[in-house]
């Protein structure tokens, strides 16, 4: 599989080695190896049930893999607790939106800052200087993020009252509030209309330029994948079947077969 | 435009709120001097139930953990005070923090292995824990708890030498000062990252974990703090009644605490005060109806849930909360 | 504003409890009665209320006391729970016209209540509280008309093993303040005989009150092959225990504590099982030889159709009688005068349960115990 | 050896009562996820209604129906009355509170429980009532060292029979499928044409009726009833349902039996005083290793 221009030369941010996860009899992910380089938008695509979300959940600590390792910035985070993984710098969103419904948008985003707070119970009770500083810091980060997604006017609104598109952006803003170095998005464009998808793509590419962040994406919408990803990995039935630049993947026979099914089978 | 209307609304509201607060405060201070001892004691037990309600509110109201065994911590606090005071003569006021610590330690040890349980499964385990504590108290292990007769001869708290708290009025102020301090502390927590972390966990545990919150740690913290406050209530209750017996810490007591938080409003401190008022004052007011008292009590509980499922004074979401009265500047404004 | 409405609600709630003290009626002598009108022991509380009202009526019919002043019984419910017990005591103590009060059924409820009466220097007489410690606190104003656990325990040790020639004793209690206290005192009374090897306790355990099925515990009891079996709990559990014990083949004689056997016991267990069951008990109302007892029981039976099914309500009535007797003889309603009179001057005063006198600490003097048995026709008679 | 066997039978008898109450309980609990504290009091109400039927109808029963007929009559009348009360309680206390979620419903259930408990006290008085011994057949059977009464056998048989019928209704009939569908997802089920009111009507008649029948059986077997007995039987039913696994009817049944046997082990081999502590410790251990009960299916958190 020749690739005519090499992948960018940045160091590897995230690597999975021989990762496999089994549910009951079903092997959802089977010896999956992948690398994500710093500063790129890498998309993970494949038909439904290919095991994409399972890889996500294993990387972000929701599931424990039976075999294999997840290496992030050189250290092995296999099987760590989700909140620990977030503090090391991986932030994620969910396929179906999981916000804090009866809390305000601002409070939702402030949740992301939580792992950056070090003051404990006593400093909260006696309002120590450090705690006050961290509170202001949390508020400032959250306010900047909410302005970034242009929902400033709704900051006191309850999350459950927001439109679907705004809720998607809120979830991304919450993930960004953890100051991650790797942003993991699970089908961010699902349920968005074309205009919103357009804004999303623009937002993500802007993010890559402005902040030193890497994005790993699960996506079904091909023009998002082709539009903004620097590297694409294709999965089918738990295994990696192809990887390369978007154009290569677009014409790769095995990918087409995986998606559309070949006529001779 | 939304910006402006919100600010004006808060100014007017903020002003009236504070004046209302001071009226209630003065009433609380005058009350014991105008009524007979019986009504002071009724207000004392109102204070005890307020403290217990606040302690359960942390676990049930803030974090949404289904705890129906909170009387166990209340019992641990009361018996720690009773045993250490009668057997080793430790003064009561020193026992206040000690019994809080004992209840908190017990909560930590008991809840650590079961904190991962969800909803009804956690509920039955807390019921089990409460019953285990009560039955252990009755069975008098190592001859410590005095069995069904309980422990008696607990002396009064004293600040050394002459100044001893023993009259109803002094107890009234003791409990309500402790309640006021707890409310102040709880409001601080509600406004801090800890309070928010609890609420995130109540809203969606998985999302909270994925946003970087150590769910297990904060759940345990809620149980430990709730148990500590219940332990303090146990200490004051024990020294007031001068004896403790297992009858005061039954499963029904846990249910009453549960009703206080639900009827008042989950996570809302003024709501818990109203809930405690209802639970403690109602039986006394309807005492003359003796046989039918409980019938009315049951009916009113159903009606309360029917018309105010969110509680008498539900916690305000969306910026304006009771908390704002204490914060110098408005909490969620820029 | 909605919020102000709620704050006002708290204020209103507080005012509702503003004092509407009953106007102190000049004429009648008011005696307080505190008892479990509601709660698990509601039946005991209501019988005590009825007994006291009957006793007051009898005295009032004879012209009352202090030259014609009527007696009024003011009843307060303490729901059989320590917290409400303390509150009920507080309620009676703060009503100035209450001369003295008859305080409650259940040792752990009487404990906090008697402390409050002591603080406010109010005479209070317990009627259903047998825990030994209540009179060991050196209280000046606390008395009790019922006996104590240790005297009943001693009576069991003296009479029962000898009567049945039993070497292997089984003791079972129900983990209540009363039941466990009596069991422990009986064990202490049997200790000398155990030390010199005359007998041994083969079974000592509790059952949980409110349970229905004791077969498992009774099978374990049967394996220890006891020669006499002493149960110190209440009649509800006693009836279940005996009927299930006979069903699984325990034949040794059953002896109950003084709350175990009454006509409820016979009704539940059925006559053929209740027959031949023994009980260590203070003199039962039915066969109280005293003239005052017959008069009281007749009045009670006329009004309620049956006599009280347990000894405690009778002690409550006697508490009322002795207060009235003390007020009448001292001519005053001051607590200190009454307390001294009751402690020193009263011995052999006429009472339903026999002559009433109090020891230095306030215990009832000379409460005799009899060994009762249920005969073939189902009435409880003193066994030879 | 036969002592162990006898103790086992004792345990199973208690267990069968717990199983029956747990089944009636989990009819409501499994479907509405409503912790129905009032269920214990339906049980107590049933035993009191049965008591009244036996006492007032004793002349009729002994002449025409004979002992067993009398007991059947008592059970059926009790079941009908309590079922009616069940419907009223559901309409008055639970229906308005469904939208408010589960926690307010628990407070309402506590209120209903106190209400029923005190209604019984007001109507029948606080005293312990005794089932008339003359009307209850007590035939002892002795096999070797084993002492069993006819009543014990009848109750065991009846319990399993009732459990069987209910299992058949729930698992095999289409209406049973509708009930199970409503248990899993109320809204989707109603979209599929399942009439929620019919299901509620069925649950709130069958659940309390089953509780009432068990109440009569307990009254028959132990011959003594009190108005407060509903409370701790209700708690036992809740424990048994959880041990079996929520929403799993056969699970509740086995949970009840296991609870009875555990209590037997606790009382026989440790001490009667620590029996309940032993049972709750076992329950907590079970839940630590199987967080959804013995037979509850392990629901993976769908993320």
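The letters A, B, C and D name the chains in turn, as written, and every chain counts its residues from 1.
To be clear about the criterion, contacts are C-beta pairs under 8 Å (C-beta built on N, C-alpha and C of every residue); 3 or more make two chains touch, one makes a residue touch a chain.
It should be emphasised that the depicted structure is a prediction, and the values quoted were computed from it without experimental measurement.
Colleague: Determine the shortest chain-contact distance, in steps, between subunit B and subunit C.
Modeller: Steps on the shortest route: 1.
Colleague: Tell me which of C-D and B-D has more C-beta pairs in contact.
Modeller: Looking at C-D and B-D side by side, B-D shows more C-beta contacts.
Colleague: Taking each chain's centre as the mean of its CA atoms, which one is farthest from the centre of subunit D?
Modeller: Most remote chain from subunit D, centroid-wise, comes out as A.
Colleague: From the C-alpha centre of subunit A to that of subunit D, how far is it in Å?
Modeller: Averaging C-alpha atoms per chain gives centres 50 Å apart.
Colleague: Just the number, please: Cα centre separation of subunit A and subunit C in whole Å.
Modeller: About 73 Å, centre to centre.
Colleague: From the mean C-alpha coordinate of subunit C to that of subunit D, what's the distance rounded to whole Å?
Modeller: Distance between chain centres, rounded to whole Å: 36 Å.
Colleague: Please report how many Å separate the Cα centroid of subunit B from that of subunit D, as a whole number.
Modeller: About 34 Å, centre to centre.
Colleague: For subunit B, jot down the residues that touch at least 2 other chains.
Modeller: 138-139, 206, 291, 294
Colleague: Quick check on subunit D: which residues sit in contact with 2+ other chains?
Modeller: Where subunit D meets two or more other chains at a single residue, that happens at 121, 273, 276, 303.
Colleague: Residues touching two or more other chains, restricted to subunit A: which are they?
Modeller: Correct list: 62, 94.
Colleague: Within the complex, which stretch of subunit A touches subunit B?
Modeller: So the residues of subunit A in touch with subunit B come to 60, 62, 81-83, 86-87, 91-92, 94, 98-104, 106-107, 110-112, 114-117, 119, 121, 124-125, 127, 131, 134-135, 138, 143, 153, 156-158, 174-175, 178.
Colleague: Write out the stretch or stretches of subunit C touching subunit B in their complex.
Modeller: The contact residues of subunit C facing subunit B are 1, 3-4, 6-7, 9-11, 13-14, 16-19, 21, 37-38, 76-77, 80-84, 86-87, 90-91, 93-94, 107-109, 111-112, 115, 119, 131, 133, 137, 175-177, 179-181, 206.
Colleague: For subunit B, which residues count as touching subunit D in their complex?
Modeller: 60, 66, 113-114, 116-118, 120-121, 123-125, 127-129, 131-132, 135-136, 138-139, 206, 251, 255, 258-259, 262-263, 266, 291-292, 294-295, 297-302, 304-306, 309-310
Colleague: Show me the residue ranges of subunit B that touch subunit A in the complex, using the header's touch definition.
Modeller: Contacts found on subunit B: 2-3, 6, 185, 188-189, 192-194, 196-197, 199-200, 203-204, 206-215, 221, 225, 317-319, 332, 334.
Colleague: Show me the residue ranges of subunit D that touch subunit C in the complex, using the header's touch definition.
Modeller: Result: residues 3, 6-7, 10-11, 13-14, 121, 125-128, 130, 133, 138, 140, 147, 149, 218, 221-224, 226, 228-229, 232, 263-264, 267-268, 271-273, 275-276 of subunit D touch subunit C.
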